[in-house]
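Dropping the structures in below, format is structure tokens.
Here chain A shows up in two complexes: once beside chain B, once beside chain C.
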Partner chain A sequence: MRGFRTTRRDFIKTAGALTAVGALPVSMVELAFADSQNNFTFAYISDAHIQQIKGAKFVRNWDRGLIRAVAETNLLQPKPDFVVFGGDLAQLGKKEELDHGLEMLSKLNYKFHCVMGEHDYYYDLGKYWSELFGPHYYSWDHKGVHFVTLNSILTSDEWTFNRWPTDEQRMLEMAGLDNPNGSPFMVGEKQRAWLRKDLEKVKRNTPVVVFSHSPIQKIYKGWNFWTDDAEEVQALLRPFPDATVVYGHVHQIQYNQIRNITFSSVMATAWPWPYPQSYAQAESHLPKLTVQMNRADPFFERDATGWQFINMESGRVAMNYNLYNNTDRTVAFNRKTGHPEDSVYQAADRRIAPQIHY
Partner chain B sequence: MKRFLYTMVLVAGFVCAAGLAAEKPPGPSPPLGLPPVPYPKENPQTPEKIALGEKLFNDTRFSTTGEVSCATCHAVEKAFTDSPLSVSEGIDKLTGTRNAPTVINAVYFETMFWDGRSPSLEDQSLHPFTNPVEMGLADHQPILDIVRTDPDYVKRFKSVFGKTGDAITMTEVTQAIAAFERTQVAGNSPFDRYYFAGEANALSEQQKRGFDLFVNQGRCVSCHVVEQTQALFTDNRFHNVGVGINDIQGEVPELAGEFLKAQATASEVNVKVLTDKRTSELGRFAVTRGFDDLGSFKTPTLRNIAVTAPYMHDGSLAKLRDVMVHYNNGGVTKEGDPVNDFLSGGIRPLNLTDEQIDDLVTFMEALTSPEYAHLAGKTGSN
Partner chain C sequence: MAKKIMIPAVAAVVAVVLASGILILADEFTKKDVKRWEDEFMSVVKKGRELWVSPELGTNGVACAQCHPNAANTHPETYPKFQRQLGRVIPLRDMINWCLQNPLEGETLKADDPKMVALESYIAYERRGVAMAPGKH
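This part shows the complex of A and B:
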């Protein structure tokens, strides 16, 4: 939290001029917008995994995560222009879970956009979700930026329609990690055709920001940190020098640059991946994990979860991670180096050494 | 980082001591269960300074009415609190918003006040003098006028600090008060004898069960820390445990917004949090403006807890049992009441039975030091 205060203070101080992105000097930033009034912020909450136990009883821990993110987002000064919810509002796609999740989300004092997650989708193929949140993919323009929301968690028709005796089983098979019965995510041909058409009318120098649930890149197939037709989607974004993809699903901080496209993940409000077999001394609803993290129970249930507020500065994303009981982090695009950088951990001598797996 | 520097100071202290041919560290050796008292380099202890500090601590002339001293709210006969008051009474019976924490073992805290807005005992002692609901002075000048002219003080300040007249400032005054407070350490409780000295019979069977709950199902130890060689019963951190803030939930956006829009000075915060109950409940957020700190307060030590009722930062819980019930409910005093949005991730329902709650209360009673054992049962703690 400490880092966040500094970031916020700097941010307020320099609002409209330059975002606080750590040690990045002003001179290094070429403002794509001549008019600084086009700079704005939005907030991003993701992966709440609201889970019904029985009747009106829901997993308390996941509820608290979403409630806290919403309450803190409502306190932001200056106010964000809108909020995005990045998918996996529900755990098993049930109406009760989506309803309960919306009940908490609706406390937001801002307009919000929703992204489809696989946990929202594979029970009824997004039917009830649509009633609550509208179309599965769409685009809109805001202050000179073209925003696109994709449903990136689709998969083959055969797997979706012909393989499972019940909707519940289909949902559970897609929710499992390292599950040989699972299937890789994809955006799909129909949606790619729509995206091609949608982007045709967008000027090439317009910043384009895509919101998806899965990463539109290939990271780890077993956990579906993966989109099978990622290259085809990336090709559609190729004409735009300022292209950004913001994704959920991974419950951890990731960033990457592939040619013109900057990738940034967001944190979950529910739990982090991976995680130790912890939350000791109480019943845990944490999904079964195939790889344990070698660390002790951190005691704070909000540990390694969070939400983010995002500076849309000169057409690029500066991602500020608000991390509970932890030091906040900022990952911002650096025009000089041409890729996103963590304001704290970018220097090799300041990186945290990787953990050793035994 | 602060913790690191603090450790460095301690280490430096030990190195110096070692250099003096294996002399003992300054001051008496700590009681069972407690680490050595950390003495700041710039304020070494001397018996004369401690005596001067005690006199200052008890001097009621440092208030507008001439009736309130430090000891008014930190009375030795009440284990250095103003028990059974829930919040402290200053001049003209004006009340603040917070429960007087005991001076006993305060020296081990890394920050002072419930919201940690002060970094040291020296700095802390400056503020009640000028708080409008405590001692009410407009500034510290009346104190300096007294200590520079009162013959006994003149003599003592000359002897302790080698200073007279204008050379005496609040630095010397607060150093003396802090030196006195650093002598108020108390361990050697039945728990200490059981856990650190291996006296198996120092705790009753019920208290032993309570200790097991304290470490396990009750999750108490995660914040009220017990280590292998010492037990401060605090993590020196700040947590929203659902006290106070639960009453102002609807007003948090407005109250927090004021702090986010304009940063208050330290003295403004000092006055505001003690005179405005609603602002007080923002807790450490008023100091740091960090969302993590909304409604959070410092983890108090549990030493001598049974003789310092009532409890929590606002004294809102009269008995130890009420505190256990509050935690057992997952951060609400009345079961079923709404949990606040910013509740610490460590607080959740504990599923303790009535018997287990009794066991925990009994364990709390094993944390009383012999110096204060005679106060047991006088404050209605259970």
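This part shows the complex of A and C:
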């Protein structure tokens, strides 16, 4: 809110006080596992949208979101093995925004991996981002899980290279979520070929977890809650019984199951987005499984934003949503039903009025 | 008294109508008129859309569309309503002004400011077809 100022030091003090009274999110409680060797946790922060106003001035509201997520992640007990940043660190892909974002992310006490978002990419096509964070897509193995990071926000060459007179304009056209001049996201042929090859050497019983910025499923094209070649990517993951896709971009809680693949979105630290069904002129395909997040109260500027703590539970994602001004949510894969479920609100009669969007 | 004044006035109108050869009736309009009214409205909607995505509306570069793509989650059909955070019943424009002051760190607009009318027009247009629900939370 206007005139509201909290320094990082103040926050840490507050956080310390919270720890003392045991009011920290449930996810920070130590979890016991049957086979502790295979189980681990990681944290997920996404969509910070660090936005430069001028010079060293940045939009305070978005800064506060990232600072808070980093500070709280550092308080996790047990410590996560690593942190993933899910893309859209910058708002308009500027060096200043990426630098300032990295400055805040550097406060993390853990190793972190970054995913490319469209707001990071369309100014210089990820050139400066690469200097800071490395390759646009890559994979690694950790405690028996194969992790893949995709750059899923690519689009046609014509749109990328031939349509816009300047890099700035290209960035602005893609930055507007509801801009009809935008273009559908895709992973693209080259990266799919790489993924096919990458997965060839992975044993079929290995849990595979893919991190992408856009959903590798089709929800609403108008806002790019969408990946154009989603089915092709899903087909590459089909041989793996335990496949998971974690995505950002949508600034809201979504989850779904498509055959073997579990989909879980993550929250933004910057601001929440409406569910596509709230746009009266459009048809959306929000997964039926999803119990929606509470409607946001704009008077609490961090409401309906947050970050995630993920328990790998022997190969499947249990997503703990740490929501700043709402009750936390946990969405975990249920082996009995074969799909992700909210731990409290899944049954129709358990849902609460604020989860009804219109 | 009133009659006396009315008679010359009516006579004058009749004279004009006869002179122009057109019968003017207040409730008659043509397709052309309808088209013009739609065009006038849509030109204001278009201005509203331009303001909606403009980084210049506030002072920090944040645009309305950043949080409200296609003006979604603005619920114009529910206003006037009790805005519990403000403790009173308000019209939609009070929330527009709240957003201008807070997330956009800018100045409020007067009710008759053409910019306010344009923003209201755009919001209502994106919500067309939705039933009125005044007071609904």
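The rule we apply is simple: the second predicted complex is superposed on the first by the 291 of 358 C-alpha atoms of A that agree within 3 Å, B and C clash if a C-alpha of one lies under 4 Å from a C-alpha of the other, contacts with A are read in each partner's own complex, and residues count from 1 in each chain.
The rule is simple: a contact is a pair of C-beta atoms (placed from the backbone, for glycine too) under 8 Å apart; a residue touches a chain by one contact, two chains touch by 3 or more.
Everything numeric in this text was worked out from a predicted model, so none of it was measured.
Q: According to the stated criteria, A:59 is in contact with first (chain B), second (chain C), both, or neither; which is it?
A: second
Q: First (chain B), second (chain C), both or neither: which does A:223 touch?
A: In the superposition, A:223 contacts chain C only.
Q: For A:40 in the superposed arrangement: first (chain B), second (chain C), both or neither?
A: In the superposed model, A:40 contacts neither chain B nor chain C.
Q: Once the shared chain is lined up, is A:272 touching chain B (first), chain C (second), both, or neither of them?
A: second
Q: After superposition on the shared chain, which partner residues are touched by A:67: those of chain B (first), chain C (second), both, or neither?
A: A:67 sits against chain B, while chain C stays out of touch.
Q: With both complexes overlaid on chain A, does A:178 touch chain B (first), chain C (second), both or neither?
A: It touches chain C, and chain B stays clear.
Q: Is chain A touched at more residues by chain B or by chain C?
A: The partner that reaches more residues of chain A in the superposed model: C.
Q: Report for A:309: first if it touches chain B alone, second if chain C alone, otherwise both or neither.
A: After superposing on A, A:309 lies clear of both chain B and chain C.
Q: For A:322 in the superposed arrangement: first (chain B), second (chain C), both or neither?
A: In the superposition, A:322 contacts chain B only.
Q: Go through the superposed model and pick first if A:121 touches only chain B, second if only chain C, both, or neither.
A: After superposing on A, A:121 lies clear of both chain B and chain C.
Q: State which residues of chain A lie in both footprints, the one left by chain B and the one left by chain C.
A: Comparing the two interfaces on chain A, one with chain B and one with chain C, the shared residues are 1-2, 60-61, 281-282, 299, 301.
Q: Of all residues in chain A, which touch chain B in the complex?
A: 1-2, 4-5, 8, 60-61, 64, 67-68, 70-72, 74-75, 77, 281-282, 299-303, 322, 324-325
Q: Considering only the defined contacts, which chain A positions touch chain C in the complex?
A: Checking each residue of chain A against chain C gives 1-2, 49, 51-53, 59-61, 176-179, 222-223, 271-274, 276, 278-282, 295-299, 301, 357-358.
Q: Applying the document's contact rule, which stretches of chain B touch chain A when the two form their complex?
A: Going through chain B, the ones touching chain A are 216-217, 219, 222, 252-253, 256-257, 260-261, 288-293, 330, 339, 341-346, 348-349, 351.
Q: Using the touch definition from the top, list the residues of chain C that touch chain A in their complex.
A: Residues 53, 60-62, 65-70, 72-73, 75, 85, 98-99, 101-103, 105, 126-130.
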